């Protein structure tokens, strides 16, 4: 399998799609991005790297950050975490309050916004015990995952999110009213939006996700982040819940555990083999990168590497 | 890997669990079944077979039948089928009317009851064009899949379902009111309950599911039932939607595409390798076989064959 | 107050509105009705009668029949009836299944379809104890209320409803699955659609509702149908729940207890004084007679007889 | 009719009920109130006054304040107000987010919390145009309605509400995300909790509500607050929506337009005749004063003054 050739072929095939999606415009800081950008990167468990297009363009990872914070929370709380956040697909849009109200403030899974907010809250509590700041620890973990200390977050995106984040603030207050947040709503929301504003490029992301392709350990350095059972759980969650109410369709078309962000990024994992990251900011109706989803579908079709 | 030894080990480990679940009692014909029964069977793509316990005990396949009828409908209608039934997890119990009412009579996926009823309706229309009876064709397809013409359905289970099937009749009438059923409600419901009442044992089921482990073709006879892309779709749907509102947990614990039935059976597929069937009638709170789910979890843990 | 003059004035004022609504077309038997028909009738507690326009045109009373059957059920079961049907506004359209599913098959009130179906079921059981047919008893009660034995139901409307009544059949089956129907679904639905197909004109309806304007007794004959407390309850229910999800607006605009039917009729009661019936088949968006609602609003405005 | 005797009789009859309810304990400032308190007051349109028990005990009017602020908003915006808040019963608890999410941030009516928050927002905007503070104007209006400038709000209740008001803050943020709030969430919530914390006694409240018993004008001073049509609308809204999801039961039992507060107060209006206020802090399951509801039921039964 010639991955370089596959990526080049994909790059050509997705060009006509770049004009079809719509860049996220709910905050000004994201609305001005060039819709025609497209980059894709593959890092093998062996360390070998392949990239095409704008794979070194940094972008806002947004909801992809949920994978990193959930990893930390699962490591810190293990099974106890599930008393506060479920593990089932929600069948609702990413920001629905309905399910939360019917189920007493327990979000369905850690990859919808409400679930990620609970995860942030749990990390604030966890690190506060050691006088540590939760977001700094999350950022530090992301840097460790991709062996790159240059990664940071974008202050203007963060501030923009804080200013327009009414729905997430509503979710947080609703959960607080059900006693499912320990810390101040403002503090939790700040942490949540900071992690959403982290900037990475495709190369960094594909490198960072490698621990999920090797049972929880970085296959290159050998460093264990979580155990194999936990990695399996994160992968299964990404497959069933990683793309909001289009998760079934993604499993269908791509056949890989993956997580998307409204910034236009998607990561995917092929257990035992590699991690993939793709970036294209124009989104489809479900809020996932349109060309990015297609690129991953083409990748598994051309390489035969779908898990199904 | 010694599958015989793995199965024997599982058999021993699940014994204490057999007393913990609860046999389905919504119809008398199912309520009297011995809760301590346990059987498990594995058929490899090579044709090799392994069985343990009561793997030759016939039982009511119930919702596992949805895999067979969906296969036929997908073959008959291809993409057009999705105008009438979705491909996303429902996030609701198997028999919820709420989602159906909010989404104008279009069920979320073919593995919740409403979706399977629409699938039956589509098959009635499809076969009526050739003066054929849809259930007979479904039964005939099941026989072909497992190379065994002795398979039949249990008349008393069928009649019992018809007598107490108010909720499914409600679902069907609701969809009819939204113009998502072409045929008479009575006819569709009859077809649906007939397929639910099909009886098979673990050996037959593991043999019958082999086409989903080999890109749509029976790996032993080479006969193609559906194409590879369709098989991939069915597998991904089983993974994300195969166990109602415990689908995420099943993906989590077992890490395989699978489908359960309220009769106590579960099937699972390892693409490229094998199909597995397990039977134990005592159910957990989500309506899936309690010991059966555990047995599959043990199987993938012991063999390392989870797709994640 | 010159009621004759008021009615004539209203008749003139509503003429431009007759073209604005939309006649119910969910069954052919109703779809062909002349939208320009308008009739209104007032019967005082003294027996004095006033009519304008097509007040002797018979029409399908549809949901207005729910007032009569609820009266009979309340008389038969008293407080016990409320174990099976609530007394609160539903906040949902007349035929919603959502509330019913969340609240275990107990309809919010007797004036939404589900509630009226439960009421029919309770009457079937009640009269069966005396070898009587529930619908015949309901019809007989309606005749007694308006002192007119010529009233009957329209067979073609009834058959049309039976043929297209999927949603009501869905509601009935859902409640049956929650054990909130004692009798066969078919029998209950038949009874329900028979009462909906009763035909009356405005004069008859205004006469028939007089018992609700005089504490449960016919003010002309003195015959007691129900007691004063029960009449108060029916009136309060008509005010809060008589017009589906436009009940608040009706209370707002008309300020009287009332009940509408999809056939275009509306009845209203002024306790201590009179009953009013209006008929105009073109409906507004909420399924209530457009000109009829306006006519009642004009009536209370011009006469100062709103209860508020 | 001897109102003094009626009130004394009621006072005796409700004594055994005082131990049955439960004082609101969601904020400390309310939790410590003596559950055995009971007071009732009647002010006739003529100015005549009757009181029994603790009718001069001041208490937190809480949701009763919604009547005053809605009056001001209706006066300021007339029909335009209904583009932002509906006029229908909600069929849901007072603080439900579900309806709000399904209906794009437009609350069902001004007497559920979300609706009252929108009303506060509209008043902030309205008075800001004249450099006036909305809460000060609301308080000033309440004082004018009861001709008593001593009325004020309780700072400790206000602060307590602010501290634990997560659910209302969630509602406000959700509506802000739907663009149905013009001002800062914090400012709107502060205004809302200030008006909830206004303290009045039964005598003051029965006096203050008199304008709703006389077509919008104070029958004693003759001062017009709103027009007759607006008064009718407020009364009809109180009848259909004044007691959350027990509004139907209140209309049923009491048969008067009324509004309750979680502080234990209830006001009711008999158009053309009088206003009534009752106070007893122990609540029933729906969050309305248990003994207060019974007292009003007894009052209309004994005096025959139900509007039905």
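Letters A, B, C and D mark the chains in the order given here, with residues in each chain numbered from 1 onward.
Everything below uses one rule, namely that a residue touches a chain if its C-beta (ideal position, glycine included) is under 8 Å from a C-beta of that chain, and two chains touch if they have at least 3 such contacts.
Not measured: the values here are computed from a predicted model.
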Interchain contact steps from chain A to chain C (minimum; 1 if touching): 2
Smallest number of contact steps required from chain B to reach chain D: 2
Centroid distance [mean C-alpha coordinates] between chain B and chain A, Å: 32
Rounded Å distance, chain A centre to chain D centre (Cα mean): 47
Set of chain D residues in contact with two or more other chains: none
Full enumeration of touching chain pairs: A-B, A-D, B-C, C-D
Chain A-touching residues of chain D, taken from the complex the two chains share: 96-98, 101-102, 166-167, 169-174, 176-177, 185
Residue ranges of chain D touching chain C (in the complex, touch as defined): 86-92, 99, 108-109, 231-233, 235-237, 239-241, 245-249, 251-252, 255, 257, 271, 306-308
